[in-house]
Amino acid sequence: MSAENVELVCPAGTPAALKAAVDAGADCVYVGYRDETNARNFPGLNFSRPELADGIAYAHERGSKVLVAINTFPRAGHPQIWHAAVDDAARFNADAVILADIGLCDYASKTHPELRLHLSVQASASSAEAIRFYHESFGIRRAVLPRVLTVPEIAALCADVPIEMEVFVFGGLCVMAEGRCALSSYATGHSPNTSGACSPASHVRYVEKGEKVVSQLGGFTINTFGNGEPAGYPTLCKGRFEANGKLSYLFEEPTSLNTLDLLPDLIAAGVTAFKIEGRQRGRAYVGSVVKAFRQAVDAIRRGEPVPPMVLAGVTEGGRHTAGAYERSWR
Amino acid sequence: MLTHRAAQRSRPVDMPFSPVLLAGLALAPVPPRLLQPLFDAILSVVRRRHPDILERLAAYPDASVGIHPVDLPFVLILDAHPESPRLTVRRDFEGVPVTAVIRGPLAMLIALAEGRTDGDAAFFSRQLVFEGDTEVVVALRNAIDGAGIDLQADFAATLGPLARPLRHVFGLGGRLFGRIAHDMDTVRSALLAPALRGADAQTARLNELEAELTALRRTLRQRERRA
Amino acid sequence: MSGGAKLSLGPVLFNWKPEAWRDFYLRIADEAAVDTVYLGEVVCSKRQPFFDPFVPQVIERLTAAGKEVVLSSLALVMSGKEREAARALAAVEGFMTEANDLSFAAALNGRPFAVGPFVNVYNEGTLAYLARLGARRVCLPVEAPASTIAVLAAQGLAEIEVQVFGRLPLAMSARCYHARSRNLAKDGCQYVCADDPDGMPVDTMDGKPFLTVNGTQTMSYRYHNLLGELEALRRAGVGRFRLWPQSCDMVAVAALFRAVVEGRTDAEEANRLLAELTPEAEFANGYIYGREGHLLVDGEALAV
């Protein structure tokens, strides 16, 4: 794969963010419906049917693609909600749908053979065998890799599968294998896999205790932030816990993935598409991050080094990490 | 519902000095009811130009969100009912039950409303503080961010004569800034001191109580394990 | 109750000392009232070599005792070695295998297999597809509420298995939290996960027990316990109940669940006895009610 063909896949939680992403140079924008069919089912977020149709038109007029994430697992007994989501995406001429559930892949490939299917990170397909299974069974054309692999592992994978690979390059970082994490539902009763929200806002409380802010999820204390200390999302995996008599960020610090420096390596590894996380973020985030990565990819295309960019202002905890792409992270 | 007492306890981590803070000084003696027409106008413009905001909040018809520009001597209460929304200006939240409260410097709140700054980033950096029902806050944030508000353009398009008082508010801040910038620390402490009084002692006591509780829980568990 | 609900013993998820692991299974073979025993390293491929020497002996004894042996695959397959191991397991003849990762299911080429709880089967569409692929039995994910279980059981496409005892496997990661908690890298982990035969307790900052860590796996602090829900689940069509091994007396635990399944002991009495067997355990059953997984719902009839 060469830098010429790399696509920048950018998040949009609202029509305003979609415009911001397209205007900042996104090759693709990924979006979801305003319901439980996608993994960012947050209050006030996402697209109504008419908004999606308009958004696709806006993007297409400007040469960008729109991918529709339908990447939760249909609730037993209610598959029609998810089926309708796929049908409507096809009807609106979405450029692809991003799916995680085997049954839904089966439905989409049979009902809309012309519709391009991408495999969501939520499917947690971390090996060539798993990816080939989705490709051979449902004609999946691109897989979003779980954030568990190192760059050499990704390179080996790319050489071993006949379809495109998409990797996360910036934003929120799941430290658990995606789609296989029940931490949030253990604390809140709402499964990210079926209801589409990890650490749902309805179960988050920020309690001010004097100088400290205490963040709680489902009544469990996840973290406290002292005066001036940067805060993070109230997700369990970014909380502070006590184990072995030691208080620490046992799973992960509040931090964001940032791979600006790794982009040339990822291109060399054969990756086709770079994904920016953050459909739940504002359009200011979308605009600035997309612009930074647009410049980086364009620089690599011209054979120039990646320009240094300051994105600390939008990262969780003001920090960033190369995550699982570097072996030492494990 | 938060009571005003719970709300009073809270304050943002850092209140940066800003021209708006100084504008607040000038506005301090102004009764909130004189400002109400301005906010009625703002709401009516927003409703007309961005109907999708209330649509995105439709799931929370009874939500009442307190907005506290920490550098101004008044607060706003947004009742997000889709048919009859209201944006009320008051001196404080005293006696008003609110579902959630958002606090931050006015400049940041306006930047948020206009999508010029990222709400999560503002929260990570602790410049934005919220409490109460987080779901309503997140919904409001997303609804406003998604609307693509541009206050100047919105007002230029619809407001006409009413634009003047608003410009006056912002202009006042600028003029004041020039005049008394040399004494900003005095101004700042004069404004904030009453709000902060007693906070340190309260913090110390809270920390103490919490440490005691945690220790107690551990002892209990160890006993259980031995038993 | 219970026309013929079966009991399974899930694979040991913890890193027990290899001899303890062997002795555990030998005793299970001789004494435990379970129909099926799942065997294999599901959590971390680095542990597998330690158990390998004992596997043939354990399989032989379990089989001789009339128990069905199912070989479980790794849950998160990444490295070349792990992929090789999966291929080798898929080629094993004479045993049913349990796929805990889709890559493994794909490698079976249509032979009958069981689907483990680490594969996401949440709905009838996925169940139907996997059944066409050869799935004969599906152990549902921890989160699955009774409403989901009932729909899937009613399809009649594969035997439905439900987790009913033990700390719940909640999440998998490429990162090892046991090693991280001791400031070690995963590559040089010194196998510190072996120090905690029931997982390493993880408390919240205010001292509330919350989770446990088992190497790369994160589990519940509370023990899942569906003694009180067995009958309703059985009526909903669940064919099989899975016990997760803990370091307590699993023969006695299995006997209790068996007694309730066969209607010889009522759930209330069994719960009292289970609490005696596992004095340190706090119990939870929230997931089955569609609630928080850590909750203990008490005195409410399970609607299915």
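Observations on the structure shown:
When the chains are written out, they are named A, B and C in that same order, and each has its own residue count from 1.
Going forward, a contact is a pair of C-beta atoms (placed from the backbone, for glycine too) under 8 Å apart; a residue touches a chain by one contact, two chains touch by 3 or more.
Please read all numbers here as calculations on a predicted model, not as lab measurements.
When every chain is reduced to the mean of its CA atoms, the largest separation from subunit C belongs to B.
With centres computed from CA atoms alone, A is the chain lying nearest the middle of all the protein shown. Two chain pairs are in question, A-C and A-B; the one with more C-beta pairs in contact is A-C. The distance from the centre of subunit B to the centre of subunit C, each centre being the mean of the chain's C-alpha atoms, comes to 49 Å. Note on chain placement: the centre of subunit A and the centre of subunit C lie 29 Å apart, centres being C-alpha means.
Separating the CA-averaged centres of subunit A and subunit B is a span of 30 Å.
Each of residues 210 in subunit B touches at least two other chains.
Multi-chain contact residues, meaning those touching two or more other chains, occur in subunit C at positions 205-208.
Those residues of subunit C that touch subunit A in the shared complex are 75-80, 82-83, 86, 101-107, 118, 120, 122-130, 141-143, 147-148, 151-152, 168, 170-177, 180-182, 185-187, 200-208, 210-211, 213, 218, 220, 286-287, 290-295.
Within the complex, the subunit A residues that touch subunit B are 13-17, 19-20, 42-45, 48, 51, 200-202, 204-213, 225, 227-233, 254, 280-285, 288, 313-318. The residues of subunit C lying in touch with subunit B in their complex are 205-209, 279-280.
Every residue of subunit B that touches subunit C in the complex is listed here, in rising order: 210, 213-215, 217-218, 221, 224-225, 227.
Against subunit C, the residues of subunit A that register as touching in their complex are 73-77, 79, 100-104, 106-107, 123-130, 132-134, 136-137, 148-149, 153, 156, 175-177, 179-183, 185-189, 191, 193-194, 218, 220-224, 236-237, 239-244, 246-248, 250-252, 324, 327-330.
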